[in-house]
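Chain lettering (A, B, C, D, E, F, G and H) follows the sequence in which the chains are written, and residue indices restart at 1 in each chain.
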């Protein structure tokens, strides 16, 4: 399969040496590279073989030689979060999309408890080709956004919350049961997967 | 304990004769009576001993000799539903409150997938002393209403939905994790319990 | 919001008279109409007011005055099932898409236990703009298809199975954890939701 | 929305610098401030910009410039715990209410295994306008108190317990199924939310 | 093993002919017989071969030739229920104990929402050698009784309830987490098992 | 209530100072004292005020001034474990019983995978007045022992295991569903509760 | 793939006509046929096109033209059940194996509550090449048999039980956590799958 | 029972001294020894008494004096993994089998998202007498391999994954519901158990 996307390394559970090895091989075949779930330590290891690697701390992503060609110049992915604690997952999505050559519009901290903040961003939301909604706790934002826009919504439940949030289960169930049409769901905290799917939609 | 509320019969799992017996005893001590989860058949049995009993079919409630004195003349309970399928639970709440002598404002079918319908009712919502939010599927309405009003919200998850709604579990978790403050939750489909709690708040 | 899609009635839990009333109102405003989760009885009721209504028995869908204009003439949605028992959910998806004016390619009974059957359809799969994968039991088909195509995959877990399938929970979890990128998930048995999302992708 | 309550910072998952920044902005607009789920370290950071900030260690709350005007001079919130391990959550509730200008009556360690201890406090319980019941393990206290008082009970399940308490799930289910009327429930360990709801009831 | 207890047939899922066959064999060896979970139909079948069989409708038990010798003349088992809907399970326990030759004291409908009703029976409770507590919904009665008596308490959760009672799971968890010492638990609705265990304790 | 048992301190989650304070008060009223879930550090603190306190490391119990009078000279509690990893919970049970003045027969490491080891202890098992069975993983030992003895069995599931043992849930469910009569169950890892219940049975 | 096994139709959820159609096609290519989960009605339909089809009522299996050649003349599969209610699942396994040309030794009703019954069959158990253990409720039999034999054990949890058996979940978890080595597990009630796997082992 | 297999020590939760003691006893009776779930520290302790002990770091296994005689010279166990993170569990299986005298063919990192990598190994897969499939996340590989080979497949779910993988539950359910016949399942991460079962099949 050839979609022209960068190569991706899921760093969680890999040693620094393993990540370096994989990175080296990819560099040698000239790939753009995205490393997700990477700690600062892993990044420092990668720097030794890829001195221009960039680290996005909040996203926990390493980027080497990102795509410079835009996936689609007129299309935008909006990445929306309910709270500030969801931003790390949102950044994983945003950095993924940007590394794939895609423009992102970040709309953060517009959870449904303060609807005015969300409604104030309606124009930006409606300009997006796809909307990624990132929310923990009760995850209600996906349904509300789904009702407001006329484009596909990809919902990312996050593990933010406590007690009966059950590490993201509550938000996951909320999003799967969305009464708004056009909402599909990826795994808890899977910002990367949401962005990948969004990019597939963008590139046609 | 004496709160002056009507006596209540939970009819589910009781035989017609049992309900009739309990009703008779209550009539004899002059009580107002509310029978919840009552089938048409149970109602017909009750009619034999309480000819002016009234049946609220959607609420599945029997009412005999309801309170005529208002709990509090200037206060209203708003009962809000997300969809039309939630109305039966909402009516259990509304009929309970009315039998207790409390005025109710029904605001039905204003789920978050069509936010304009909800926002169009903002004035009525904000006039209420307490708001009961009844919603199944993902139950997001409780959070949104909680963010819009400045009064206590009692959230009632319903068993409406399918698949990953797990008979109301999804809505229950959503409501427990509400990012809006001032929301407390009762059992799935427990319209009665929500109204009882609301009436306690009303009567001071 | 205006996306030009038909109006949809979710018939489960509505009386025949309710569905007839809603249908009548929609006919009067000239809408295309899709009724989902409709029994034969509901269809017969609708026939009285919409004599040219069509019933898709396997999909349990009623269609009145479907869209005749194609959403996008060159794009196809592939609807793929693992087994024959999943076909009813797949048909809900297919009929939804067709009612919305969208061409569908049905690829049924290609579950992963007989990989050759799936691989034999690789060309058709790869021609699709979006692929909807419908599978119960262990739901592994979504990951395999996700690995074979370079387009978005919408996974629909079904409640088909027994024992530890827990009414679709096993397939749902499988799909959410898909190791193939580009897979997003809708609720158990939600063929309608998958097709709606797919049509949003198609129409751009 | 304007309810005159202090501004609240949920400190969990925020860096010291983030909390300091938010606090500074709030101080500048003259707000009363409550910081919940705050570690000692966060408090020490806040002290640098708000030298009269007070730390409630058991509650893990920081209070700056609390409300001095009483919410309602004649009304009391009783905060009741089953065991001593539940006190930390109870204190989150009590400190919240006090910061909001509300008088609190603490009735601790009166779990149902020693009913006499609870019954000895009946007068204090019945004087309260609202009762917050904080209990882990089996959470039975909420039902018992609900049966003894004629005012709304807000039940807070705690994560105290082990084994089949499943981090508060057992207490949560107990409370949701309370056979006593007038009991509504908030999230596991959510002392803040219980107090917020109680204060809404108090202030009318 | 020889404990002299009657022979027991668990009738659920057995055909009338199977139960008759087993009963016949038992009669032939002169046993006392207890059939649990028996429908009226099964009883009528058994009557054909055991004309003096007795049917306890609420308990759904068939008794043939019960033990006439008392297990222990001075000891009593108290069987306590929270509500009237729990009586059927309680009767399974009571009839089991009686068939085993054991005196039972039934104390029904003394749930914790009306503590006075329970406290009014304190003398009877404290006279018992073992107490069986039968409760559904939140199952709090087991903890309260456990705190009041100084003898072993066997807790039987029932499937009575709805919504978040999850068919007895809530009551089961409550009872397992009881903060009162001396409480052990049997399966949901297992009145028979509770009585069997109690009789083992009685007979020494 | 007066059963003459020692006073018990559940040390988990209490500070050393708290435990010392409670211990001091108990010593002053001349109590026998059992501290459960106590770390070595807590013990060292207690030693300062109770120099003859004894620490049972495997049981994690502190004992001060244990009962010297036997509960019942002719009765024994057998404490049985499936594996060696269950011994810590078993010791909590054994030390509790011994501190209460009760003789214990320890029969360890006789899990069902090697039935001969269990059958070799049949005599000791059958001599016991009560049998406490402590088992993790699949917890099958409780059923097997229940079938072999004619006395009450108290089953203690442990959190020993991994994967689908779900921290003791598997063993708990096994024990609740025991096909052997006379088995009742306490919370996961609750050796103390099992022994307490057993002692109530012993003392009559 | 060619293993020479009969063709299998899973009849659950298929119409009589569908089963007849599939059967006809199979007959035409000369296959041996096994239909599982088949009602009496389906059998009667099949009889019309396969007059020598045999119906195994307890197993709910239809067999047409079974294998006459033995898989392996000297090897036996033992099929063991804990209770009589498990026999239907056991028969699905036994009939499957027999239809595949394999000799079966049925050892029924030897649950662990009466260990002597099991031990009395030790010789037969130890003669088997593979042992299929079928058990519901707590499913402990698999571990015990696993400890007694030195051959692979395939464990089949059944949905027999009530309350905390959760439709087979308890037995499933028990079997997955078996402390005896050599035990692997198939889905709840999946007698067919167990036999299929056993036959693969037999035929080498 | 005598199957001639090495003796096994499950080191998790044992102290170094305990493992050394058990090892010494085994050495003295001349056993081959396999220690599973052993940390480096435990290995170093064992080295003191068994200087030729070998440590397999990825497998976390200690081997002393492994079997030199082959279980069966012509038979192979294929151990297959979906990802690289599953290799540690796979190595527990492989080292177990090798210590038992069995040849292993390792086929790693052939997950279903890249089907070509799996299909490239079809020959090796089909040469195996038993196939052990080790997979986390969605665990789909077991079904696909089950469909490709004609020998028993033992599926080992791993705890690799995040979010809705629920520590291996998703993979476990997937494997239990496999639509491919001939697949049986062991506990999450139980590489040892899979290899043990496979060796029982091999040795006949």
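As a working rule, a residue touches a chain if its C-beta (ideal position, glycine included) is under 8 Å from a C-beta of that chain, and two chains touch if they have at least 3 such contacts.
Since we're looking at a predicted model, the values are computed, not measured.
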Chains in simultaneous contact with subunit E and subunit G: F
Most remote chain, CA-based centroid, reference being subunit B: H
Chain pair equivalent in interface to E-G, over half of contacts matched, among B-C, A-C or E-F: B-C
Approximate Å spacing (C-alpha centroids) for the pair subunit C, subunit E: 50
Distance between the centres, which are taken as Cα means, of subunit F and subunit B, whole angstrom: 47
Rounded Å distance between subunit D and subunit E, as computed from the means of their C-alpha atoms: 41
Centre-of-Cα separation between subunit E and subunit B, whole angstrom: 36
Residue numbers of subunit H (touch at least two other chains): 147-148, 163-165, 169, 172, 176-177, 181, 187
Pairwise chain contacts under the document criterion: A-B, A-C, A-D, A-H, B-C, B-D, B-E, C-G, C-H, D-E, D-F, E-F, E-G, F-G, F-H, G-H
Subunit E partner contacts - residues on subunit G that touch it in the complex: 84-85, 160, 162-165
Contact set on subunit F toward subunit D in their complex: 12-14, 18, 157, 159, 167-169, 172, 187-190
Footprint of subunit E on subunit D - complex, ascending: 82-83, 111-115, 137-140, 143-144, 146-148, 161, 163-166, 169-171, 173-181
Subunit A-touching residues of subunit C, taken from the complex the two chains share: 1-3, 8, 147-152, 154, 172, 176-177, 181-187, 192-194, 196-197, 200-201
